[in-house]
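Once you've had a glance at the structure underneath, I'll fire off some questions.
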Amino acid sequence: MGKIFALVVVAVAIATAYFVVAHVYWMPEDISVHGHLIDEQITETTAGAGILFLLGQFVLAAFVFLYGDSKGTRKLKSWPGGAKPLIWASIVLIGIEVLTLSFIGSKAWGAVYFSPVDPNSLHVDVQAEQFAFYFRYAGPDGQFGGIHPELINEGSQNYFGLDPANDVAARDDIVVGTLTIPVNKPILLTLHSKDVGHSFFVRELRIQQDFVPGITIPIHFIATKTGKYEIVCTQLCGLGHYNMKAYLEVVTQDGFDQFLKAQSAQ
Amino acid sequence: MSSVIYPQPAADAGAARAVRSASRPAKAVPSYTAIWLVVGSISMSFAALTSALIVRQDIGMDWKPFVLPPILYLNTLVLLASSVTLEVARKELAATYLRSETRPHPRKWFYATLALALLFVLGQFLAWRNLAAQGLFLATNPSSSFFYLFTGLHGLHVFGGVLGLLYANHRSMRGLRFAAGGPLNVAAVYWHFMAILWVYLLLILRIRM
Amino acid sequence: MEQAPAQALRHHPAPPQNFIRKYIFSIDHKVIGKQYLGLALLSAFVGMVLSWAMRIHLGWPDASIPLLGRLSPNGAPGGVMTPEYYLSLMTMHGTIMAFFVLTAAPLSGFGNYFLPIQVGAEDMAFPRINMSSFWITFIGFILAALTFVIPDGPPISGWTAYPPLSAVGPDAGPGQGWGQNLWGLSIACFTVASLLGSLNFLATTLDMRTKGMTLSRLPISVWGWFITAALGLLAFAVLLPCALLLILDRLAGTSFYIPGGLVLADRVQPHNGGSPLLFQHLFWFFGHPEVYLIILPAFGIIGHVLPTFIRKPLLGGWKVLTACMMLIALLSLVVWGHHMFVSGMSPYSAMLFSVPTMFITIPSIIAMLIWIFSLYGADIRFSTPALFALGFLSLFISGGIGGFFLAQPSTDSYLHATYFVVGHFHFTMGISAVFAIFAGFYYWFPKMTGRMMDETLGKIHFWASFIGMYGIFMPMHFLGFAGHVRRYSALVDDYLVPLLGTQRFISIAALVVGAVQMLFFFNFIWSYFKGKKAAENPWEATTLEWETTSPPPIDNFGGRRLTVYHGPMEYNVAGSRGDYVMQASPEPAAARAGD
Amino acid sequence: MSIHRIALAVLVIISITSFTAATPGPGTIQGKVTYTGTPAKPKPIDMSKEPSCAKMHTTPATTANAVTGPGNSLENVVVYISAGATDNPAAGGTVSFDQKGCEYQPHVAALQVGQELKITNSDQTSHNINAMAKANAPWNKSQPPGAPPFSEKFDKAEFIPIKCNVHPWMHAYFAVLSTSHFAVSGPEGDYKLPNLAPGKYTVTAWHESFGTQTQEITIGAGETKAVNFVFQAKPY
């Protein structure tokens, strides 16, 4: 029985290690400036934690293998040195590991959240609602119109509750369902929600940030690769949560200018 | 509520010391342990509510302070007074108990405590009426929400305390266990905690309004 | 307690004869413990059936589940599950499993039954409060179950019930009307019951110990329950106001959690200034300790069961493991923020919460090393409880490892709300705890019923569950790396469609494991009536519950009051009858071989 | 299904004919709905979030809150007898309401109190129909692809806004009316209210963006009178 147990545990451990190390399932290629820091952090954590995982499972398996299935005849011994060395070993080793991880990790975290916002980054206003994202560009005047919740009317595509009748700044605001941004240009998103909690998650950007009703949360990044990516909601927001998505299109500067022109034309 | 905890009448011991020891429970009384745990748990709840109040007031920009109904301060005195009368009751009864098992023991201070307790609850109710008269209701503003919440929850706990006192009284009918008995000690701990808790809540409200 | 004899049979002047007092409204902690376990088994069955429906829908979205269509014509028209009904099932699966199974069984169930016996008391400190806490829990369960039959259906906001989704009412979607109200009331009931329960556990452990049962002689299981109860007294005390404010926002129109200017169902909601983050802080201040409320009794049970089957005391005796549990409990009170790294909380406080979270791994790993290295030089007896205990060790390692990723803001910002999290918490607080429950069940079943459970069925149950659980939850970690978002009722995102195959694999594994649990239910019922008679001490264990008959008499020790002379883990003692010394046996502890 | 429909249609015809036979020379009100001013021009809808729907539209679908036609005609206006009708036969048959290409068809579904409304999902995606009623009981039901149609009835007269939360651009109205004399203006803005007994009537026209108008009119036996409505369009 002990031998079977040991074999199963070892098999599971090795299989798991294979799936992780061989990247059978893994993160998509990173397309952001800060993303590589997070990737490195995940790799380092995988290494550190992975070693612990394998050690733990193997030692467990070994002991069960060695000390199982006796006929009650064996003379029992206990671990020489008792608990103390184990305690100190874990305090020191794990202490060092977690401190190192925290220290390096804080750099990755800081790169996302503590880096200053580039003053001339492209500002896109994002509103999440059940169950879609809508993106707003300031338009030619570079000014966002004010938001009036009571004016929100999806029937006429007034998702932000703009008041073009009285608010000049609002008239040229461009509201679209797809986030189009120029490549290699600093982007500033201001996230706010129309109704409940949502989240903004783009795997390739290595960015996940909740929308919190009542407050506006800024995030900024630089996309380094053109292409079409998916923005998905990761905060349970109701029945359509699974289908709350939008596309992120990273285009060249020219492509972006054309996009703006086309939108303003309408 | 076990029966193991009542000290025997101390014949020769100095009366004062005897009274003190009589009104203090023996070791290892589950109910006595439990009441302190209850105190701890309730404190935790109100700590959570306090932090909720502070966060809510600082985050939402809509906090409208209002003048606390003056009757609250009167109520505070009433509640503190009830704590005092309860102590007097305990001491007096302990003394009676030590003199003899059989003498009918006085309960007037105990009833005074109950009366003050009811007076307090009435006073709190009047405070609510006062606020309602100003058009401040539970949902009017976070400030009033928290006021009703604090006073209401504390009122509920006070009500529980009254039940506790009545239970202690009921237990004491079985002979002269009233003074030194576990039930009254336990009820007393809770009752004094109610007074302290109220003073704390009043301070919080006073500071944040 | 020198006057102890005076209180013998205090709670049981005479064993109650009529059925109601004896089995329904009994104040006997053993009956109450069994009631809790029964409720937990029922809840586990319900929760498992819910997960089957969810897994079937995830693997085969268009599959029609006829019975489901019967249960809820709205939720599953023609048996095809609607997105909101998937979320309803998910919410109730989480709620029922986390509260009515994982919190109820190891703590309230086994704790009620065995804590008083193990400390040598006739009953809990407050039997009537004990009874009421079960029945309040039961009311909570009924309220939760009612959500399935009301037209509105169960809530869809998950067991975490984040506002505003959970707070604004029906405008937020199906299930957010009376479903959410009943849910809130159910949680409130459960909370009150748990507070009363914790009170009882603490008072009993502190004041009801029999002669000689010093703290250093308490079984590890008692330590587990004691520490958990202390933690619960603080954690649940915060959940209560948290839930109360939510209910007030819903029913009284206050704005504790709901900010202004929210538009749902095309109307501006009549609230202003509230803060959803306030709820998250209050909830997770409870919610994180909650996972330790679940796992610490499991630690205790494993620490209690393992020595019996390795015939050795734990390495470092009771002190090290107990210290670890205490440390974990303490740290768990200051790390709730790691659930909120991406929730708009200040990025600085994210780092502040991260470090203590990382440090929880240290006591956890020490506890794990204590268990593993206790196996060294042992003589393992592979009875079913032992197998489940060993399985616990392997599963808890696998689960704990995921913690390294989720404890760091930077890595969590990718893995947050992916299947990695689902796999992680199912391994740690879910399956590990379940394995501990099973270990306890097979271990204590003889004592509770007087009959042994069938070993062969038990072993089949173990192997299928052990391998199956890995088949379910390990792939979820991989899906997490691929960015597979959790709480999705269908895979419509382009990058999720290719992962359908993996989801199907998981679904099949889940259905198989579920089917195997039927084996356990069968074994349970069959052994209850037909199992072979159990001796007083079938496992040759040392603690007090094995000093009495199986099942124990109403006052646990038949009028005797035991005096304790030994620690709980006097195994492998040279010169003793057999290789162990029972706690209450007067014989002196001889030198332990191998020391 | 279709046979069922035909059967109902036949029933309707029979009932109407028998009814017309009963009352000699029923009158008719008909007319055209137009607008002045400049309505907001239809905006294209970005359906990229729902590819299965996006590919059903060769040219992008547009907003339908102000649908205009040739000669300033205004579509989707509900015209009905709001007062004066002595008879109120129950409108027979079922009103069907479909979800196709992530659009509601029709955009304004007029039905009588108690009349059956059959809701179908012809899309490959799951929709939810959120009837944000005030007088009636509000409801919110999902309809996964392939799920059978379901029927609803309303017991109070009300203009109920309908939305799909999964596809926020999907908006429509249920015009629940107490009378059976109602019509919805077509692409040319024309409508027709037949089978009116001689008498004095109040005719009301309702448009989701431009509001409500009423006119008084008296018709004699067998008469056909024209009642036209002109709405003031708003650019925003």
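Residue numbering begins at 1 within each chain, and the chains themselves are lettered A, B, C and D in the order written.
Convention: contacts are C-beta pairs under 8 Å (C-beta built on N, C-alpha and C of every residue); 3 or more make two chains touch, one makes a residue touch a chain.
Here the structure is a predicted model, which means the values were calculated and not measured.
Enquirer: Shared touching chains for subunit A and subunit B?
Expert: C
Enquirer: Top contact pair of chains, counted by C-beta pairs?
Expert: Contact tally peaks for the chain pair A-C.
Enquirer: Let me have the rounded angstrom distance from the C-alpha centre of subunit A over to the C-alpha centre of subunit D, please.
Expert: 46
Enquirer: Mind checking the centre-to-centre distance between subunit A and subunit C? Centres are C-alpha means, answer in whole Å.
Expert: Using C-alpha averages as centres, the distance is 30 Å.
Enquirer: Roughly how many whole angstrom separate the Cα centroids of subunit B and subunit C?
Expert: 36
Enquirer: When the C-alpha atoms of subunit B and subunit D are each averaged to a single point, how far apart are the two points in Å?
Expert: Centres of subunit B and subunit D (C-alpha means) sit 66 Å apart.
Enquirer: Could you pull out the residues of subunit D that touch at least 2 other chains?
Expert: 125-126, 128, 142, 161, 163, 165-166, in rising order.
Enquirer: Multi-chain contacts in subunit A: which residues touch at least two other chains?
Expert: Subunit A, residues with two or more chain partners: 129-130, 153-154, 238-240, 243, 245.
Enquirer: If we count contacts the way the header does, which residues on subunit A are in touch with subunit C in the complex?
Expert: Subunit A reaches subunit C through residues 1-2, 5, 8-9, 12, 15-16, 19-20, 24-28, 37-38, 41-42, 45-46, 48-50, 52-53, 56-57, 59-60, 63-64, 67-70, 72, 74-79, 82-84, 86-87, 90-91, 94-95, 98-99, 101-102, 105-106, 108-110, 112-114, 129-130, 149-150, 152-154, 161, 193-197, 199, 201, 203, 206-215, 217, 230, 232-243, 245.
Enquirer: For a test of understanding, state which residues of subunit C touch subunit A in their complex under the given definition.
Expert: 82-84, 87, 156-158, 160, 162, 164-165, 168, 172-174, 258-264, 266, 268, 273-277, 310-312, 315-316, 320, 342-344, 347, 350-351, 354-355, 358-359, 361-362, 365-366, 368-370, 372-380, 382, 387, 390, 393-394, 397-398, 401, 404-405, 408-411, 413-414, 416-418, 459, 463, 466-467, 470, 474, 477-479, 481-483, 485-495, 499, 502, 572, 593-595
Enquirer: Provide the residue numbers of subunit A that touch subunit D in the complex, in ascending order.
Expert: Touching subunit D from subunit A are residues 129-132, 153-157, 159, 163-165, 176-178, 238-240, 243, 245-247, 266.
Enquirer: Considering the complex alone, what residue numbers of subunit D touch subunit C?
Expert: My answer: residues 125-126, 128, 130, 132, 138, 140-148, 150, 161, 163, 165-166.
Enquirer: Quick one: in the complex, what on subunit C touches subunit D?
Expert: Touching subunit D: residues 61-62, 74, 77-78, 80-85, 170, 173-174, 265-267, 490, 492 of subunit C.
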